[in-house]
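Shared between the two complexes below is chain A, which has chain B as its partner in the first and chain C in the second.
This part shows the complex of A and B:
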């Protein structure tokens, strides 16, 4: 059997929305609270079913997924404290809508990883595509490589830290949270941001509307030093700080019901 | 009837009187940790969150709702109002402890909806409580009594 990598190997229902096989494969080798399985011959749905079965029903707290094969939407909807290691790369929408897990991805990730992440930590050893951390609400997302465009678009909380550079429109409509960019930032950094902080260690090609330099405080130093220490990232570079100029939009001008949308 | 109880009852029967939705409005009652700082003093913020710092709680700050100190519960889109005096310099820490107490107690309205509406297995009380009961293992679409699909559907 060919490895189930690439969209041509995945079979969907007549509407093209879901893989029909909803049976948990139960192929993991389990040792106490640890488990490991090879995802090479499993579909996206089977991999996610296996993960949830292990974590929610078998009391497993530490899972290793071998050969994830850059399949899309892996590790989504994990809503509990656990450790997950992907020994390879993930495709689009990896680890979306998670709340609590500590994830280690030993490869790269495609578009929109960790979208709507609520809490937990995700460490990616390689690069990440565009829209990483879109609408993220909390937790730490550490990318040791580079990031694509619109990183943290609509970010509502949490921390996105990259050791490399980011593409255009990073922090677009950012509403809360923090971004730490050790490399360069593309055009339109922080465009239309409402709030939040963006730290950049390299050059900024251009600032977006209402994104302005901010005043460095002791709290900024404490935050940067803490994150670099926790994730063993070495000595942090000198950063510039950028914040919202509050000329375009800000919390104070929002109706109460609108304000909740950005909390 | 106390003034607080009257206000909640008034809001519940006249929803248009309030713009925001508070946790006590959703629950129909006020919780002890909203009135007593000691009721949430035992919450361990580090232990209750993933990673080596307070993680997602870093974004949780003491806010105000209807002129009252409050902390926002993103799991039910509502504010938890705080009625006790908050010591200066401890505003955010107190807000975080009250929020976690609310979530860990299972009083968040979003948690209460899980039993009936969770579509896949997940811990009832979320990632803040170890060994929480799993819900969502046998989800079935809810059926409105007496409802029939329209002709042609």
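This part shows the complex of A and C:
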């Protein structure tokens, strides 16, 4: 490796905090509706500008990003149906606020990935940090490794499925959606959840307030089998099911449109 | 916010000064105020002391240069009075010195004598530990203190975003575990029972050079170890007795350990290779020293992990 290059790799503004370069680098090789580019020498902003330029202005539907280098906030705010493959790991806040893309990450993701995800799929081959899928509203988030603490807190919809274990306070204040955890769960699982379902294949260190075992139904079996089949995850393990006991809070979890019909 | 990093090699000496600089520089955005290193080389017979004769908050008035000279002369006079023979002396900056001393007596007495001089602070004292810290980013501190060639077995580092104490050298990490030699700590987080522990440790005779809560951890662990606990046992005890949100890394002459609080509220990414373990607040710091694809993970809440070189 070269001599110390940190300063030359990352450009800071006068406060030493952000990257000021707002030019689209236009470094991709494009083949029809497919494109790929090497992110090694690009900043976070340049990578995201390149992605948006390809998807929104060049009509590209399948992008491969090489060497993402665990940089933060990559692939955020993509609101179009397309395929994005990251050949490596993402840092914090990756793929946040996305609505529609099919993302494949051939590495791990850092904290707060896929926050506020609206729809689409994200498949992560490695591990994920804490706060993954926080406030997620829809889509499928598949983590083939293990997850950190506070997975899917404030989850409002969609599915988070991990083949590994999760840390403490997973599903904290969960309002809707499902979590499928093939490994163990840390302390305070589903604490203060309003609704939603958490399936755990391994041991649970402790349940949070108002999180209780739920009754297994055929719909649960069908759901689990379908997700494992779609994402080719093999045979699912036996799961315990956990739901909200509805003793702590009694807020409804209806969408605005549903509330008009029901109430 | 702050960023912490650690690295330990199992197969002898490496260029840990350069490694740590790369790691810390890649996390500059987490803490642009100051940068600090605790570097460990093979233990030497002589005592290595890093000390400063002024802080960044010391007034830079017309008398400043004279005070620096006076402080240095007084420090050397007191060392001679204790029978500590200066073998080598390197002046790194106007106010920072690295001494090797031929001295076999009580290290606490030596540190107390130096720190009794106004504006003087002992940054580290021991046979293998060297703490270097100053304002600015890693590349500027590395260049200022010539760390790019530092050969050692393990190291920790810190980039600081000052939140609750001054931007100065005293507030910068790592912290040496006064008066216990060769123990240092970097910390990301906040201790909520800081004053309670500070009063307890002060009653036991320990001094604190800063208003920074992180200094508590180093002294706390060293005291536990002086009572006979191993590093891992002391760190596990800290999970019960230190309150707040924290991830910290502690190093001794031959080991490096990491602890996360029960909430896992502060990040740490870990890479375990065959001959090297590296960890940092952000994965990009680990990737700054490894040029191939790696598998990393976050330790869980309440986890304590220790590696020896």
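Please note the rule applied: the second predicted complex is superposed on the first by the 236 of 263 C-alpha atoms of A that agree within 3 Å, B and C clash if a C-alpha of one lies under 4 Å from a C-alpha of the other, contacts with A are read in each partner's own complex, and residues count from 1 in each chain.
By definition in this document, contacts are C-beta pairs under 8 Å (C-beta built on N, C-alpha and C of every residue); 3 or more make two chains touch, one makes a residue touch a chain.
Please read these numbers as outputs of a predicted model, since none were measured by experiment.
**Q** Just checking: does A:248 make contact with chain B only, chain C only, both, or neither of them? Give me first, second, both or neither.
**A** So A:248 meets neither chain B nor chain C here.
**Q** With the two complexes superposed on chain A, say which partner A:157 touches: chain B (first), chain C (second), both, or neither.
**A** Only chain B; A:157 stays clear of chain C.
**Q** Between chain B (first) and chain C (second), which, if any, makes contact with A:233: first, second, both or neither?
**A** Neither: A:233 stays clear of chain B and chain C.
**Q** Contact-wise, after the overlay, does A:186 reach chain B, chain C, both or neither (first, second, both, neither)?
**A** Second partner only.
**Q** Which partner, chain B or chain C, is in contact with more residues of chain A?
**A** After superposition, C is the partner touching more of chain A.
**Q** Who does A:110 touch here: chain B (first), chain C (second), both, or neither?
**A** A:110 sits against chain C, while chain B stays out of touch.
**Q** Quick check on the superposed pair: does A:123 touch chain B, chain C, both, or neither? Answer first, second, both or neither.
**A** Touch status of A:123: no partner.
**Q** In the superposed arrangement, which partner chain does A:69 touch: chain B (first), chain C (second), both, or neither?
**A** The second partner, chain C, only.
**Q** So in the complex, the part of chain C that touches chain A is made up of which residues?
**A** It comes out as residues 18, 21-22, 25-26, 28-29, 32, 137-139, 142, 148, 262-264, 267, 269, 282-284, 286-289, 291, 293, 295-298, 300-302.
**Q** What part of chain A is in contact with chain B in the complex they form?
**A** 52, 56-57, 77, 79-81, 99-102, 118-121, 137-140, 157-159, 176-177, 226, 230, 255-257, 260, 263
**Q** Hey, which residues of chain B end up touching chain A in the complex?
**A** Of all residues in chain B, those touching chain A are 19-20, 49-53, 55-59, 63, 65, 72, 74, 77, 120-123, 126-127, 130, 132, 134, 137.
**Q** Inside the complex, what are the residues of chain A that reach chain C?
**A** Listed in rising order, the residues are 1, 3-7, 9-10, 12, 15-18, 69-72, 88-89, 91-92, 107-108, 110-111, 126-127, 129-130, 145-146, 148-150, 165, 167-169, 186-187.
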